[in-house]
Structure formats: structure tokens, C-alpha cells
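Following this message is one structure expressed as C-alpha cells.
Chain IDs A, B, C and D follow the sequence of writing; residue 1 opens each chain.
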Amino acid sequence: MCRLVAYLGTPIFTDEIIIKPTNSLIHQSYAAEETENPVNGDGFGLGWYNKDIREEPGIYKSIFPAWNDQNLIHNASFIKTSCFLAHVRAATVGGISTENTHPFSYKQYLMMHNGGILEFDKIKYDLVQLLDPESFLWIQGQTDTQYILALFMTNIRKLRIKGPATSKQMVACFNKTFKDIEELKRKNGVDAIALYNIVLSDGYRMIATRYSTDPNNEARTLHYAEKMSCVICEEGTLKMDVANEKRTSTLISSEMLTEDTEKWREIPQNHAIFIDQNLEVTLFELD
Amino acid sequence: MCRLVAYLGTPIFTDEIIIKPTNSLIHQSYAAEETENPVNGDGFGLGWYNKDIREEPGIYKSIFPAWNDQNLIHNASFIKTSCFLAHVRAATVGGISTENTHPFSYKQYLMMHNGGILEFDKIKYDLVQLLDPESFLWIQGQTDTQYILALFMTNIRKLRIKGPATSKQMVACFNKTFKDIEELKRKNGVDAIALYNIVLSDGYRMIATRYSTDPNNEARTLHYAEKMSCVICEEGTLKMDVANEKRTSTLISSEMLTEDTEKWREIPQNHAIFIDQNLEVTLFELD
Amino acid sequence: MCRLVAYLGTPIFTDEIIIKPTNSLIHQSYAAEETENPVNGDGFGLGWYNKDIREEPGIYKSIFPAWNDQNLIHNASFIKTSCFLAHVRAATVGGISTENTHPFSYKQYLMMHNGGILEFDKIKYDLVQLLDPESFLWIQGQTDTQYILALFMTNIRKLRIKGPATSKQMVACFNKTFKDIEELKRKNGVDAIALYNIVLSDGYRMIATRYSTDPNNEARTLHYAEKMSCVICEEGTLKMDVANEKRTSTLISSEMLTEDTEKWREIPQNHAIFIDQNLEVTLFELD
Amino acid sequence: MCRLVAYLGTPIFTDEIIIKPTNSLIHQSYAAEETENPVNGDGFGLGWYNKDIREEPGIYKSIFPAWNDQNLIHNASFIKTSCFLAHVRAATVGGISTENTHPFSYKQYLMMHNGGILEFDKIKYDLVQLLDPESFLWIQGQTDTQYILALFMTNIRKLRIKGPATSKQMVACFNKTFKDIEELKRKNGVDAIALYNIVLSDGYRMIATRYSTDPNNEARTLHYAEKMSCVICEEGTLKMDVANEKRTSTLISSEMLTEDTEKWREIPQNHAIFIDQNLEVTLFELD
């Protein structure tokens, strides 16, 4: 069912979040807890920013299970970054290939997704017609996620914004994207659910949605911890405390990464959060 | 630039053609001779039929170079078949993934391609509009080949034929497919070449095209050996002789597999050959 | 923790055992039931015999998780055999590589293992000294399993038997092998447990051990079903019945493959079973 | 036949050496020039130091051909380092696995090898007896290289040096290692050649040998460029100039990386070079 983690804050070595914590993403790759399907062994992806070098992120992807990925385990402690997105996959739509592994990059953006559009094949052909050519050509794999993001990018481009989109514009575009897909589902007689836990970042700011098209079916879990200082304890587990001058960050994660669960909040069903450059979180309702 | 081999005839162990010959496909994976680019290390695929078991072929694909593929080397001698298609890839369009590895299967059909549409991205979006939904949804990768074959299948379906298409109908559909693509290229201002060395089979019959859209640029090499008996010599090389009662076959190959080159004929530029169930070859001109 | 299945009997398509059953090996690769660690995603191996072609088995190995292995899923129904061994791995000793993937082959033999020698590194250097050069050179990976089997083969060779070893000789050699290792553990101060659920076959006969060096720690589960007829039901699950003239087989499996558990027996702790060419099972006590 | 590149000097982004140059290691992976076998598609490895983070190097290894390795191509420009070793492999001894991919690491050391011991299997068993347990247990693959390096490390340990070995001590140990192996070859009747182009570094200093055991058979090519400034030109090719205050480095490479061949020197047959922390090169004769 996929698990994801995203970090924005004081530069940190990626292993402190994705490898060392008790319930790290690596751990979740073979034993996820807040889901019925605990195995996420169909590939791993890490995207991170180093704005001193370039605007576009670095990306490491592997089609092997994360739990035994020696490159990841050896080098995560070499990657220091103020913003990263990481994802372990349990394949549903699209075969196991690098092209189908999250996070996906588009120019300076990184995007990843937990969820999916059930019966996606019934709307895929029509969905192509909604995409502008640039978005369609960007798609390099077969996941529903790539089509959702291509539609989101098409919708952003229609706004003809100069410069980066505002939080409101992004929320509006996610809303439109989800509605466009519902319209296609209706047109093609698809009654099945679509679930959109999506994280998108440009390396400075971050937006995350938690959305289910079925009010009776809760969206996947998605938590955040706002303006916290993450510290690795002696025993190796992650501890979070109130932010201090040296360390502060806002984290998003499918599963709570620490045992002190009171530090985490759940993004409410059918809402989005926007994290700005000061790491402050704004909550938006999705239609 | 990809290399391919196809076999139709008396049941044979696949290793006798794709591994043992001096210039076998395995050899061509690292040292192809009739091409400027001798390395085809971006994956390998073998599709074969066993009609006693099922109409649909078996397929083994690997994203590792064929020359060191232990599964292939150990098991090719276990696979006995009257019809197989094999392909080594030098990736041009589409990443290295199983989804992008030839041969591609559709129901009982196997198809593979050597060549490509240059500047494919400029026509890809419009090409989708020509496909029927079934063909579009069949596409599981990003190669130009899959789009060509999807268009070919759409064109076949438009004929509303009952039962298997005749050789003439298939040739006509390849002609239409190549022309449809030329039309899209014109519409989008693409002047670059397209090369179509394609082999397609249903396990009983086989068709192969050798086509270049530019009269001044010769198509890739493509040879065939009609109604020959293939025998592995003591020294391990492949020898071909006139067919006998025990062994007879017609072979198609990017490169001549034996040193007695007089046994091989080249498919003329912009022609197709059709091999019927009696292994007889008919030559067709393509427009 | 690894899961394994072995089959000896009337020729059968391998998918009927390793893919189609409710609790097939494929299923066990992501959701094993009779173990604390349900994920076996570190590679898959299938070895099978076709004595009409050659004495040595065919082997297909993959370092990807079995649950999404398209080669396996597509082609298992093409492999018909009277004897096969299949294994899904949860790596403990030795990295994820083809060389470390079970089953291992030596001449006409196939061997696989569920279990391991804890603190193996403390005895590995001394263990090499016990191996004859042929056995040492046979080792192509880093698993404890390969060293155990190399020692077993060394011990067999010491008997200077002409022709195939008898069931008693094989049991004696397993006994000696396990004792040799205990001796090395004592010498090197290793108090940790060693677990040996091992299956070995020459394609005609099969032997399986279930052994724990610690009387207080039970060996891994290992079941067998003697002289049964396996049939796939309409609903796709495996059903076993009393053998009939058309179909009879003896199966060994880490986990019971069918819901009618009364058809299965457990190999008692520290015992071996030998299956002869008539599929009859003899039970042996291990020292 | 393997190709390798090593860099010591002013911190540089790795892509400037291993990707961008006309004759970069990536280029050599499919079209090496100074060798009869131009394809090195059996894996890739990059080891690099960042002493601000830790003494031990980071390592990225892949069993796919380097030419299409998206992780490498995307992230090499993110890795800035004052010392790296990179290697593309054409497998001879040992299967294609991460465990068999160079460079190999041992504590703070990185080591890689171009060449090999012909008929290695004839001396492998005896060679184990020369290794101390720590060295033997360090071996995680099956390449002759790992055994050579394990023997080198055993020989170093025998010297009971405190602190890092001097250049003379390292040269003496390589001499002893090569002689030990010749002794084993004699003892086992092996007349075949052994070739040792080896690079070893601790991140501060570097040593490289170019050695052939047969005076009539020249060692593989191995070049170095001493105290040069490497700059990427507008056209993307690498240019080397006399060192300046901002940029200076000493490079070792199987093939000359630039067209101005007069900047490169060949390590003479059966010699070693030692590069100290000031990037100065000392030449040593090997016995």
C-alpha cells in the first residue's frame, strides 16, 4: 500500500529519519504497522535537494526491497539535506521498474503518492485527452500516480501563473484534479474508490493531501509533526522535542516515526496541509 | 540498435539457435557484427510457443545483459519449441525495464522490433488519439515499438476480420500503420527517419518487415533462411543444410547466424516476408 | 526465515503447486503463516528435472521478490516435471545475489535449506579446513547453506561409494555433517543454535531433514504429504486426495499447502524422511 | 577486462571525471579503447570519501551496465569529494552480484583491480590457508580480487605496524602478495599469467600497481596525470592544465581521459606509484 516520509527543516542526514528510527521507512518496508498490508517490497525511492548545487533534486531509486538495499543503507548517512521525500512501494498499478518508482520528479518538483484510483484502466484512455502534451510526454511509467500528477501539472499550467504557485492555487489545482477524475469515473461508470495521499515539494515548501472519494471509507493514514527538533537518542531511536535554534523541522509520514505519539497530528480526512519556508503549517479543506 | 532472431519449424531446443552458434544472439549481445553499435546489453527477451499447453506463448525477459544471464544459459536447452522469437536490446526510447523489453505479447501474438521512430516524442501525443482504447491500455511501457504495435492492432481490428488475418491483410495493415505514422510526422513537422524491422507471429505463421521511410537510408539488416535444416556440428557451430524429413525450418535474423552466407537471403528494402505453416516464404512489397 | 516446497511424483505443471494454491509458495513470499517473520522477499529459486533431456536440473533464480516475478508467474505453467524444489528467501547470512539463492545445484543434485547456523562467521574459517578442494571450489556464494552442503558432499565422498548413496548412507552423512559443525562450534566457543531443514534430491529420490541443535528450541516447521493426488479445484485452490493411478505424489513443504491439514504430517524434530522412487516415505532418527 | 579511474586532489564533483569527459568511464563501459574487449557492462562501482562526515567511504554499486544507470547519471553531480575510485566491470571470475563489484572496502580503505589470476580455481583452496581469519571473513564474493586483497591485508597485519603503513611498507606487501601467489601457482602446476593493476586508497593517499607475472606479456594499460588541474570545457570535454592554486589533482586511469595525451604518463611495467597528501607521485619498482 506504499509508505512515505517527507522532511523540511534544518539540514539533516537522511539516515536519521529513514533508517535509524524504530519505525523508520526501512522498517516499514517489511513491517508497516498502520496498514493491513505490511509489506512494501516493490522498490524504494529517495529524492532530496541541495540548492547550493542545483534547483533540481537528486534522486536514488531502486527496484529491490529497501530493507536490503546496501546503497541506501551505506550512503543515506552521507546525504545531508534540508528537504527530502522518501517512499517504499507495494505495487498495485504498474510493474516493478525504476520508471514506476516514487518519488517522481518534474523540473524542480518532487512528488509521491500513497493510494490509487481503483479500476484506473477504465478511465486511463479518457484521462490522456485531458492532459496537455508536455504533461503526457513527462509520463515515463504506467502508474496511476503519474497520470494524476500529469493532470495536476496541466491544471497548474492552465492558470498561467508567473513564478511559483501559492498555497491556495495549489490546493485549488488538487481540488480540480480530483474532480476531473471523478467526472471521468462517472462518465465511464466507475463506482470504485480513489485515494489521494500525495506529497509535493519544490525543495522550499511542501504540500500534502489526505483524500478519499468515498466518505464511508477513510483515507490512508497521514501524520505530521510541526516545528519539531528531531534527535537520535543514544539507543538509536528518534526523539522529537520542541524546536530550538539549532534544529527545527516539519515532518510528514504515513506512520508515526516516534513512540511519543502526542507529537504527531493526523491530517484530517479530505484536507491538505501546506508547509511554508518558515516550516509553519496551514490547513486547507478539500472539496 | 537491437538484434533479433525468429524460428519457425521442426521443434528445436532454443539454445541451438540463440546460444550455441558462433554468431548467436548471445554473441551479438556484446559483439554484433552487421551494425555500427555492437553492444546490446540493455536486456533480453525470449518468447516461445508450446501449443500443446496453451495458445499464448511463454516469455522470459531479463533487464540484465544476455551474455551473463545464467537463467537463459542454463535453461535455453530445456525449452523445445516449434516457434520462438528472441531479442537483445540496445535501449533508445524507453528506460531499461521489463515493460520495455521485447518481444511484446498480445493474446496469442508475439512481436519484436529493431529500429525506431526518431523524434518519437513529437508525435506520441497525437498517436494516442489514433489508438482504440484496448490497444492503448495494452501498452505497458514507453517504447515507440509498443505504440507502433498498438496502432497495428487498432488497424487490424478496424478490418473486423473473423479468424486470423491473411498474409495480405497483415501486409496491408503494416502499410497503413507506417503511413499513419508518416502522416503524424508531417503534421508535427518531423523530418527524421523511421525504421521498421518488425517480426510478428501467432506461433503458427510469421511475418517480418524491413522498412525505412527514407529511400536514401537503408533499413537495418534482416536476413532469412528458408526451409533449412539446422544442425549443431561437433565443434559447436550451427550448420544449415537443405531441409530433410526430420528437420526443416525457416529462420529470420538481424545477422546471419552461420558462416555459409549463401544460405541466407536479405529481405529487400521496404518489403515483408510471410512464412506460412508449411514454412514457405512469400515476398510482399510495402508501399 | 525462508520457505520451501518440494515435489516428487507424476509429472505436474509447477504452477499447480507453487502459484495456484491458496497458501502457495508465492503467497508465502509475502505472507508466510507458520513463522514469526512472514516476509520472504529476498529472491526466489526453482529447480526441476526433465530426465528425458538431461540428468542435471534446470534452474530459474531471481533476486527480486517472487510475488511480482513475471517470468515465474508466466512460465511456471509451462514447466512440467516429476520432481522440483522451490524456495523463497529471507536473507540472513549472505547478500542478495543469484549466487546466494536456493536451490543450489551440484551435478545432478539440487539442495535447499531453511534455517541456519547462528554466529556462522565464528566457525567459517575452520569449516573450510574440513572441506575437500572440490567441495570448497563448488561454493559460489556466502551462505552458511553452501558450506553445510559442501561439508555434506565432502563426507559423502569420503565413503567412496560407487553409484548413488543409499538412504542410510545419506542419513549417516547428514548426521556426521551436523556433528562436525557442532564440534567446530564447541572449539570456537559458539553456544548459539543451528537449524537444519534441508531437502536434497537427485530427481529420482528425495531426502529431507528437520533438525535443531537445541532440544529446547523446536526446529522450523516441515510437513509432508505421502502418496497423494494433487488436484486444482474449480475455485483455484489445491486439493489433495488419496493417490490414484493417474496421479500420485509425495510433497514436502515448510507450510501446509492445503486447508485439509489432516493430509499432512510433520517430520518429527531431529528426524529425516527419505522418499524412494515409489514415493514411499521412510522415517529416520537423527542423532 | 574492467576499466578504472581514481582521483585525489581538490574537491570535485564526480561527474566531471566519470561522466562528462569524451572518454569517461561511462563511455568506456560500452566502448573502451585501449583494450581488445570494449564492453564493461557487468556492473559499476563508485567509492568516495567525505572525511568531514566519516573516515569510511561511501559506496554506490550497481549490477546493471553503467551506461544506463540513472542513479549514477543523476547523482554523480551531487557528490563532491577530494578522493574517489570508480570501476566498470567485465566479469571474468565471479558472477554478476553486488558482492563481486569493485571497489571493495575494508575499514577506511577502498581497493579495485583490473586484471586477474588465470586458472585461479587451481590455487584458491591453498590460498585460503595463507589468510588470517579476519581477512578470510572479510571476503563477501567470489572474485580473485577479493582473495588478493585479503592476502595483502594479511601480509600488512603481519608487519604489526602502528598507524598507517608507509609507501615502502605497502610496496613491500604488494611484492610479498604477488610472490606468495606465484609460489602457490608453482606448487599447483599453474603456468598461466596473473595481472595486477590495483589501486588502493585510504582517502588521503593512494597507491597503484601495474604488474604482469609474464615478462613477455605486457600488463594492462595504466596511466596517471600528476598535479594537473581538470576543467570541463564549454563543449563538455575534460581539459587538463598545469595545477593552479584553486585546482590540483593527481589522476589514475586505465585509459587516458583527455585527448592531450602528453599530459599522461604510463606506469612502467611491474612498477607502482604512490601518491602522497601533497599529490606528489613516487615511483617504485616491483620485484
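Operating definition for what follows: a residue touches a chain if its C-beta (ideal position, glycine included) is under 8 Å from a C-beta of that chain, and two chains touch if they have at least 3 such contacts.
Predicted model, so just to flag it, every value in this text is computed and none were measured.
Contact with both chain A and chain C is made by B, D. Residues touching across the chain A-chain B interface largely coincide between the two copies, over half of the numbers being common to both. With centres taken as mean Cα positions, chain D sits 40 Å from chain C. Within chain C, contacts with two or more other chains are made by residues 70, 95-96, 98. Those residues of chain D that touch chain C in the complex are listed here as 95-100, 121, 124-125, 128, 133, 136-137, 140-142. Interface of chain A with chain C (complex): residues 30-31, 38-39, 41-42, 63-65, 67-68, 70, 91, 95-96.
Chain B contributes residues 13, 50, 53-54, 58-62, 70-71, 74-75, 77-78, 80, 98 to its touches with chain C in the complex.
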